[in-house]
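Chain lettering (A, B, C, D, E and F) follows the sequence in which the chains are written, and residue indices restart at 1 in each chain.
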Amino acid sequence: MSTVAPPENPESDPRVKAVFDDIRAVRGSDYVNNVWRYLAFNPALLEDVWTSVRDLMAKPTLLDFKTKEMIYVAVSIANSCHYCVHSHTAAAKARGMTDDEHAELLQIVSTAARTNHLLNGLQPPVDDVFLAEPKA
Amino acid sequence: MSTVAPPENPESDPRVKAVFDDIRAVRGSDYVNNVWRYLAFNPALLEDVWTSVRDLMAKPTLLDFKTKEMIYVAVSIANSCHYCVHSHTAAAKARGMTDDEHAELLQIVSTAARTNHLLNGLQPPVDDVFLAEPKA
Amino acid sequence: MSTVAPPENPESDPRVKAVFDDIRAVRGSDYVNNVWRYLAFNPALLEDVWTSVRDLMAKPTLLDFKTKEMIYVAVSIANSCHYCVHSHTAAAKARGMTDDEHAELLQIVSTAARTNHLLNGLQPPVDDVFLAEPKA
Amino acid sequence: MSTVAPPENPESDPRVKAVFDDIRAVRGSDYVNNVWRYLAFNPALLEDVWTSVRDLMAKPTLLDFKTKEMIYVAVSIANSCHYCVHSHTAAAKARGMTDDEHAELLQIVSTAARTNHLLNGLQPPVDDVFLAEPKA
Amino acid sequence: MSTVAPPENPESDPRVKAVFDDIRAVRGSDYVNNVWRYLAFNPALLEDVWTSVRDLMAKPTLLDFKTKEMIYVAVSIANSCHYCVHSHTAAAKARGMTDDEHAELLQIVSTAARTNHLLNGLQPPVDDVFLAEPKA
Amino acid sequence: MSTVAPPENPESDPRVKAVFDDIRAVRGSDYVNNVWRYLAFNPALLEDVWTSVRDLMAKPTLLDFKTKEMIYVAVSIANSCHYCVHSHTAAAKARGMTDDEHAELLQIVSTAARTNHLLNGLQPPVDDVFLAEPKA
């Protein structure tokens, strides 16, 4: 299925084991999902990706957890990432997204895509009132 | 700038005038921004787009207005719609998005894009636990 | 504006001159638009791109010229190519696309984008009836 | 497979039943394909999407049915929507697209994508002659 | 699986046979992979695509073979082409890409995607120093 | 031009000054380009982005500097990031990319995009020989 072969015993590498332990601790679950098992083919990349995703998505920040996951799903849909759509939709549900909110998220994403394409076809000039700084 | 020439006196067409009046009433502002002025080249398209965007984004729904605009910005960034990024970032700010929330939105969008590309490159199988229904 | 500096006297290179002459002959116009003037920084690339676009878009094939240009515009919108949207919308109009057909094209492109995003978010299984060959 | 669980007896909901009946009537076929069965998880979204797709794609408009489906396929390819490519290629064939026309469609879509990327890399200025209105 | 039915005995068509023979000769292998077997539904398209890919990717040019395949993978990831990611990752490995280089490629692609989205969200003006020609 | 207003005296913030000093030291140049000046609206985001880009692109790694920048350009083209295409094309030239190599890069990127779209339209099954691990 994948372009890399995941290591058979990933936790025999102490750097991988440390990341997997952290994943389990942060999530309060023994399950380590495939993205991390496959990324274990390169421990440095695994550490870098896990750290940045964890600090943003699993720690308290300005936006609440459910909103953050819904934004993540929106981007993943627009970028056609099959795996990411599945994993972050599941995460959004785990953070409290209801089926009706899921439907509304899909409605916003698809309506935005519609006007994105419409305006990329029309190419109207950006109104001066939208600019955060005066035009040069 | 554009691929269409906007009508010089768009409100001389009663269908266009009705939409522009509704835009002003919904927003409590006399300003009608360029997307609607250019879409006026085809009144039926103008009506259809305005109605669907208004019902979703300018009326109360499950998600709050600021969250909806932030999701809209996220999709518009991923689809590289220059105009939409500007207009919906301005709308999100008008709905209360602070500069720090804007920075966090950009952090989420760009981190999602990073992992979207990483996983499109790795192609790991989707974990069964993420599926909303059992595999066939 | 550009990432390459177009040659000042492109037709002093005989390979470039041959392409520009062909462009003028095929179109019945003296005007050579910017894409070809900038591509002249590399004559081999210029020849290759011009030949493939000309054979497909400027010669009679199965589909009529207007339909071909409208499909080209649709893809260019989805890929956010500012220059291509402008040049091929102009070409579609030159091939007979009316303003109302332009509006319908934008309606189809934007509706397709809407359902593309909706289904990338839903990920339903493809129906067997759509497959051109039996499943393995 | 999907991010939502489709209802087991979707037509027990009268709003879903009304849409499914309309799908069958419009198409003259008993088969209701997966996109509608999965969208049935939210009847309001189902109604909205079906109505807009039906009015554009299943009713007579300016462009003929085959051309409309081919444009729809083109956009779906560019947006990497697996399901949409399959369903609208099947629809285009049902509307009369031959294998040779299918090959020409793919030739146009892939050639457009080639020049889209080439010009996004070159970034030449848009020629004034392509603009529908004079530059400001 | 596919939108076209590949011919059962593709090499009974002499144009297809000529391409398949060339593929085998260029690669020094009897195996002809699926993209060519499915493209055989239209011999003219098969010839055109094979010729252009072969001349660029299988013949000596300025850039070395491994670098060319890594660039090809990068674009295929960004365009969400499942098949292309698999086939060109395999090709890059066949040209000498190690697992650590693969990880670095994924790191570059995903970091580029991150800043692409960040800057499409920020929309800063392009610095004059980056332009290959003076501004008009 | 932008969606954020860059601070007028960014280096009055010590975190911003530290990043700008590092940019100047790493590059051996006094010039700080716009992406960093605009990101200075949020010092934490500025630090995070600069650090990750610097460690990957400005420090010695497995791949040489020119190759890394060419891959970065390829992704930026596919993601339609106007600013990124300009800044990384300039960086690739500064790392030694010649005009002919630039043309070859554009040839690879655009050919890949062509086959990406072709195969997203065809959807052939991935050959087993391309998989890094046996199918489940």
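In the analysis below, a residue touches a chain if its C-beta (ideal position, glycine included) is under 8 Å from a C-beta of that chain, and two chains touch if they have at least 3 such contacts.
A quick note: this is a predicted structure, and the numbers were derived from the prediction, not measured.
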Option in B-C, A-F or D-F whose residue-number contact pairs overlap A-E by over half: B-C
Whole-Å gap between the CA centroids of chain C and chain E: 20
Separation of chain C from chain F, taking each centre as the mean of its C-alpha atoms, in whole Å: 26
Contacts with 2+ other chains: residues of chain A: 1-4, 6, 49, 52, 75, 77-82, 85-86, 89-90, 100, 105-107, 109-118, 120-123, 125, 131, 136
Arrangement of touching chains [line / ring / star / complete / other]: complete
Chain D-facing residues of chain E, complex: 3-4, 41-42, 44-45, 48-49, 75, 79-81, 136
Complex contacts: residues of chain F adjacent to chain A: 1-6, 52, 131-133, 135-136
Sites on chain D touched by chain F in the complex: 73, 77-78, 80, 82, 85-86, 89, 105-106, 109-118, 120-123
Interface residues, chain D side, partner chain E - complex: 80, 85-86, 89-90, 99-100, 102-103, 106-107, 110, 113, 117, 125
Chain B-facing residues of chain A, complex: 1-4, 6, 31, 33-35, 37-39, 49, 52-53, 56-57, 61-63, 67-68, 70-72, 74-84, 86-90, 98, 100-101, 104-105, 107-109, 111-127, 129-131
